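What follows is a short report on a single structure.
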Amino acid sequence: MHLDRIIRGATVVTGDDARIQDIGIADGRIAALGISLSAEGAEIIDAKGLIAMPGGIDSHVHISQPSGPDVEMADDFDSATRAAAFGGNTTVMPFCLPVGDATLREAVADYVGKARGKCHLDVAIHLIVHRTDPVTLGQDLPALHAAGFTSFKIFMTYADMALSDRQILEVLKVAKDLGAAVMVHAENEDAIEYLRDEAERAGRAGPAMHARTRPVPVEREATHRALSLAQIAGVPLTIVHVSNGEALDEIRRARQRGQIVHAETCPQYLTLTADDLDRAGFEGAKFVCSPPPRDRAAQAECWAGIEQGDFDLFSSDHCPFRFADAAGKDRPGARASFRNIPNGIPAIETRLPILFSEGVVKGRISLSRFAAITATNHARLYGLAPRKGMIAVGSDADIVLWNPELTRTISQSDLHHGADYTPWEGFEVTGWPVASFLRGEFLLHENSLAEYCGGVIACGQPDQRAWQ
Amino acid sequence: MHLDRIIRGATVVTGDDARIQDIGIADGRIAALGISLSAEGAEIIDAKGLIAMPGGIDSHVHISQPSGPDVEMADDFDSATRAAAFGGNTTVMPFCLPVGDATLREAVADYVGKARGKCHLDVAIHLIVHRTDPVTLGQDLPALHAAGFTSFKIFMTYADMALSDRQILEVLKVAKDLGAAVMVHAENEDAIEYLRDEAERAGRAGPAMHARTRPVPVEREATHRALSLAQIAGVPLTIVHVSNGEALDEIRRARQRGQIVHAETCPQYLTLTADDLDRAGFEGAKFVCSPPPRDRAAQAECWAGIEQGDFDLFSSDHCPFRFADAAGKDRPGARASFRNIPNGIPAIETRLPILFSEGVVKGRISLSRFAAITATNHARLYGLAPRKGMIAVGSDADIVLWNPELTRTISQSDLHHGADYTPWEGFEVTGWPVASFLRGEFLLHENSLAEYCGGVIACGQPDQRAWQ
Amino acid sequence: MHLDRIIRGATVVTGDDARIQDIGIADGRIAALGISLSAEGAEIIDAKGLIAMPGGIDSHVHISQPSGPDVEMADDFDSATRAAAFGGNTTVMPFCLPVGDATLREAVADYVGKARGKCHLDVAIHLIVHRTDPVTLGQDLPALHAAGFTSFKIFMTYADMALSDRQILEVLKVAKDLGAAVMVHAENEDAIEYLRDEAERAGRAGPAMHARTRPVPVEREATHRALSLAQIAGVPLTIVHVSNGEALDEIRRARQRGQIVHAETCPQYLTLTADDLDRAGFEGAKFVCSPPPRDRAAQAECWAGIEQGDFDLFSSDHCPFRFADAAGKDRPGARASFRNIPNGIPAIETRLPILFSEGVVKGRISLSRFAAITATNHARLYGLAPRKGMIAVGSDADIVLWNPELTRTISQSDLHHGADYTPWEGFEVTGWPVASFLRGEFLLHENSLAEYCGGVIACGQPDQRAWQ
Amino acid sequence: MHLDRIIRGATVVTGDDARIQDIGIADGRIAALGISLSAEGAEIIDAKGLIAMPGGIDSHVHISQPSGPDVEMADDFDSATRAAAFGGNTTVMPFCLPVGDATLREAVADYVGKARGKCHLDVAIHLIVHRTDPVTLGQDLPALHAAGFTSFKIFMTYADMALSDRQILEVLKVAKDLGAAVMVHAENEDAIEYLRDEAERAGRAGPAMHARTRPVPVEREATHRALSLAQIAGVPLTIVHVSNGEALDEIRRARQRGQIVHAETCPQYLTLTADDLDRAGFEGAKFVCSPPPRDRAAQAECWAGIEQGDFDLFSSDHCPFRFADAAGKDRPGARASFRNIPNGIPAIETRLPILFSEGVVKGRISLSRFAAITATNHARLYGLAPRKGMIAVGSDADIVLWNPELTRTISQSDLHHGADYTPWEGFEVTGWPVASFLRGEFLLHENSLAEYCGGVIACGQPDQRAWQ
């Protein structure tokens, strides 16, 4: 048996459990798992004391996404994928959003072009569907699906992207016909706009109003509505960035009705609260994302959802802006309103250490469950399996080695994203990814990156069963 | 790398997914998984077209269990484990029940003695705790736990075994201190006895009354009570043989409260109904088990629980009696009442084919999920992992090969259990286990068994997290 | 004590219970309740064996409402109030809907004009709010509210009337400021239109498609959405014509969250099913209303809601069209689609006997509860109390006398509405209103009507507590 | 029309609403309600500015009840009914409990004897059924039921009274056959005893342990169990003294299943918390009752249940002991444990003012609802209607006049019960009963009582519909 490289002695995490064994790599793939593997000429990597995990897949990141006339996203493919790689990932999935008159196919060509040669790890692309004209639904989506873009994201909020219920049903119909996966951002746009106007009329404009104008019922409502439309259309649906127990209960109810629903949460809903948006000065702007972080009780409900298996996916919803830009919005003379704070936080590099530390080290979840919700399930749902997401014979050797005992304090000065702050400044974590492999070659090694070794990859058909 | 034997070309099922790869076996364990494994001198087993699954673990079977003065269980270790092996299992877990004045330790010694030399596959033993005297709780359980008997079963029904709530709390306390797993048969004894007396007073004595005197609220009540006691004691709990959606809802509610609950269902609740107990003549006696099969709606609720991941375990609750004996109870002169029909049905050999056919072949669940609920989770919960329950490097090579296309009609004439009938007579299934290995050696091969190659094994500490 | 008239010996129904006593009437009001009342010169009406009930208030009827270019509603104020009076009512509440450019105030003036001199009983008017321009919200609604039009109805379906979520919030805000009551027709317009287009594309156009294109999730979704918007706005809300248990569960959940919600159901949801829409030929068109009748299970859920007190209001949703007109839509050459069947059924005359017979006579509800949901609660919610809705000292002497033993078979030939059919043709009921008084004078007597004795009355402030 | 007495100008509260009218009384009954009632020779009582309410019925009080060898209840019929009368009641319902070998019939005779000549208001008696021998079930209950003792109370806790599930079913069966009402104290005795033993072993013995050894799951469990047994038996059931939302949710679930359930709560669950049991020294003993007061969240859940109509009954659960006695249990040398604190608090005189002030004055409930849950529903459920519980023609003139603006601070020094403290010392209330009539005669007048004017009355058949 020919092997190029053998990772020896790590605790290897699979869907079944975690145990010490060797991983044999050949031609970029995992060729063998075994006890005391050996092969002539194979490079031996000593990984004793480390944990070998499927490379992180972050299926919810925003990179170089058009964000309105005055704002530029803080990450392009270079910086975003660099930060992702340092954070233990081997694949990320950003969103392609057409601007102006561009068709979705044109937008994809353009977006792939932006990624070309700038990727430090593998990238697969979701399509944002924010128009439902015949070209988009009838031509672009089928063509792009055939070309390996098999997941669609739709929005129920943001004036320039929100779909009506009728449009949502039309997208769901196309997805059903194609077998595509659909992910939905569920917040009620009308209610938010109503509350924002009310707040502004009342002269309340600080960052904390961002959370107060997007209260839990706004998310619960849209979640139930999206799930009802999926029930009517007869398709599975993925609810992204669930922030609280009321929204999660809607998902549980849909499952009890027999619907197939996949659910995602993010580090911000486990560790931050709306109080953070109320920090002195304009600091609160650093925690502005949608849905907003809630309260301690909601955090506990999200943790319960992770522990009990209600959440299939743990993503970052990385959406990086520069605080300097946001703060600028608040200077005298400019319209100093929470409305103008760009919506999103940087999380691509800290997602995995936060969950490892708070989840695995604190005993809330097993290593297998960590791997499932940070990698395997992402690969399944979005058509990257069996190639990605698992340490299994035949899969790409996308592997990350964790030192489970390394304690670090998260600090902007150590991070690699394009944002100029991190919401987790000073947050202490135990466990950190110390090395990784992308398709069998070192990606992260002794704190340095093998640069630009990734690229845009195509997705296969999503696996939309209820997996649990 | 030394390998004794290579299973080549099967679709190998793990917790992550199912894919074609080779399994290398050495010294009774799985030594490697890989593509084109080879080793000098290794026997090659061609398994192309077959599915390699972790050998079935049936954690809920009754063998040679004392059943009252007039009744003998139809299976001893010889016949039960033979039937289990033919049905695709490699491990079964029966229950040790003390009789008379015997202590639990004496009963275990006696029960292990009955098994010695009579096991065609591996056997691990649960302890039935039906007394809570100081010797049992303070001496026997700790000693037996230390000796590898780490799971306790308690009953809320059956006059001679039912524990009071106080006793249940005391057993839960011991289990908590030891880290033992507790499984509970949840039906309200008092309510059943009340309804039975009422039925008898009304002169209604046919087998159908068995189901009517154990209605759903009787099970729902006891399920909620058991879960409340576990909440008060602060311990995980396993609810066995859940038969309907109302009981399952109690489990869902407990999980939403944050409790760790494992749930089991059985083939009878997916395929039989209370109408079967109403068959002409005394035929209904062949379907008498507790809880009884319910109706079509309850079947659908149980299937939904399997599909949505609410059930962790799929067991047989094999509890074999001879219809000839039961029918004898109905002859003139004898007390001809449903009360005297021994409680239980034979299912040890048909459990896996029924779920494979109705679940996997009909597209309700994936192969990974099949393996999880028929083997892996049993091993996790009852302390047999990582040795048993998975096709993973280092585990015992307990493997079963399925022909997924073989269609058979279940018939008593083909089965190997000691009962003289099967409730699934004439039931057609697609998919059948055609070969198996126990610790690396052929157990089932070309329709014959390698006899008496198993034995009683010790259990380690249960893994009582919420796994999903 | 002066009394004009004494109703003697009836079983008088109040909110507390039903008992035999005399009702003394003076100057159109109830002046006394007592045992053996007497007063010089008073007319004595012998009502022994009869039940004296507060005159029925039907707070959900459509009269002379604009219904699109090709359709005319089958009832004007004359025929509608005549039928209502024969059916045991003393007050009805139709809806004022502006057409074209007319302001709401102009529309009200016009609508009151249509009623003038044509009312056989008292009439109070709800306002349909289907526009949210500044004149409507800022001027018309406050002015009309001050003039005694204190309840607003909004629609989430019907293209020409449906409000967006933003508009709903704006109407709720006005209602909150004024203390007005808001009633909502909750069905998701977008989903219905999507399903209708799909049905038409599939060439399925019969009346039965009306029900199939408005399935339960369409109503459940809109119900939850409306309740969420009310939660966000912080106002009570009334959900009209609830047709099934899933929608009712949304109301129960909102109440458990602490919201004040009033709920209404109608005779069609207790006695008809979607199968009726599937009757041979075009007969199904006679049962087309929105939401549509569901199935037997949904009927049982609605009955449970009545028995358990979940429903506050039982109305007719009388919306009469001529079958001859609807059938015309189906003739060759015309667009023969369920889409063109006018939406609604006649029920104003049969509402009370159906509930009396199916509810009171069959033992499901008490006489007090009957009075509450057919009269008292309507008066409370819509600001007619304490003047209307109760047999109590000081209230208008609006009283109906029931013969609880009279059995009749409902037949179009006996009814007084303008429609040319009744959906309850042949339905047998026990209990019928044999006489009634409006403000102390005979309205219905020996099967004839005191004509045109009613008029348009103003409403006071709604009582929007949770009453139960 | 002959009238003995006319109460003039009060706001009279009925089930429909509250309005100013006169009440005419003749021969102890309400003979007329009317505007400006007059009758020759009638005494006129000017009640302008006051509220006339049906006299309070407290259907859950303990008087002279045997309480174990060392403890004497602090109230006999004299003191209890005196305090009740001063608190605005006209009827109370204590419990008859047999002691020793006495049969239930003997106990009733004895208990009626204790009441004879000592009652300041009317008294109706519930039967405690704590034995299920053939004499009790087959002879005593039917005989006593026929004699007007038509409601049974059963206990699931307290070693000397708790029934097994089998016994509960047997009592429910008798109640079903007779049409008797059954009220249940729902706490799981075994779990409580287990937790008490644990607490004592841990050396934790202060009054606060009373609440900690009766946690919410103990009550939720027993509530669900009792309701399941009632479902199996097919009878209505009343759950008394519900203390929290989890138990109330069990009641809501049972109602959604179609069961008829009546629910009661008490002032302690609306105003006290478990923290009160933790007061310095032994003061906490003053708040020991079962179930114990919970936390602020549970209070809010109970208030929501009152506002939303989930509770039918508001009673005191008056169970008076002398703190001096309880405190004695804590002196050195005696067993100083929470176990020995007599279980119960005095509330008979403060029940109505607390609910009036916190409920009516604070706008949570209407006057009609106040009357319903403090008087009318008690009369309905326990067979005292139509004679008691309503201001309606033909009923006993049991009327209480409230001054809604009188503000008082509750103080032991002003109260009339036999206990030597009140848990509400210093609690300020607005609204106080200033006069009352029992069967038409002054009972309470200018702060003095017409003594010994009441007696033991018989109950009719309970009205066990779902009333709302």
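Per-chain numbering from 1; labels A, B, C and D assigned in written order.
To be clear about the criterion, a residue touches a chain if its C-beta (ideal position, glycine included) is under 8 Å from a C-beta of that chain, and two chains touch if they have at least 3 such contacts.
Since we're looking at a predicted model, the values are computed, not measured.
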In contact with subunit A as well as subunit B, sorted by label, we have none
Based on CA centres, what chain would you say lies at the far end from subunit D?
A
So, what's the distance in Å between the C-alpha centres of subunit C and subunit B?
57
For the pair subunit C and subunit D, the C-alpha centroid-to-centroid distance in angstrom is 40
CA centre of subunit A versus CA centre of subunit C: separation in Å?
51
Subunit A residues touching 2+ other chains are none
The chain pairs that touch are A-B, A-C, B-D, C-D
Please name which positions on subunit D make contact with subunit B in the complex.
164-166, 169-170, 188, 190-191, 193-195, 215, 217-218, 220-221, 224-225, 228-229, 231-232
Help me check something: in the complex, which residues belonging to subunit D touch subunit C?
1, 14-17, 19-21, 24, 31-38, 252, 255-256, 258, 304, 307-309, 365-366, 368-369, 376, 380, 385-386, 389-390, 392-394, 465-468
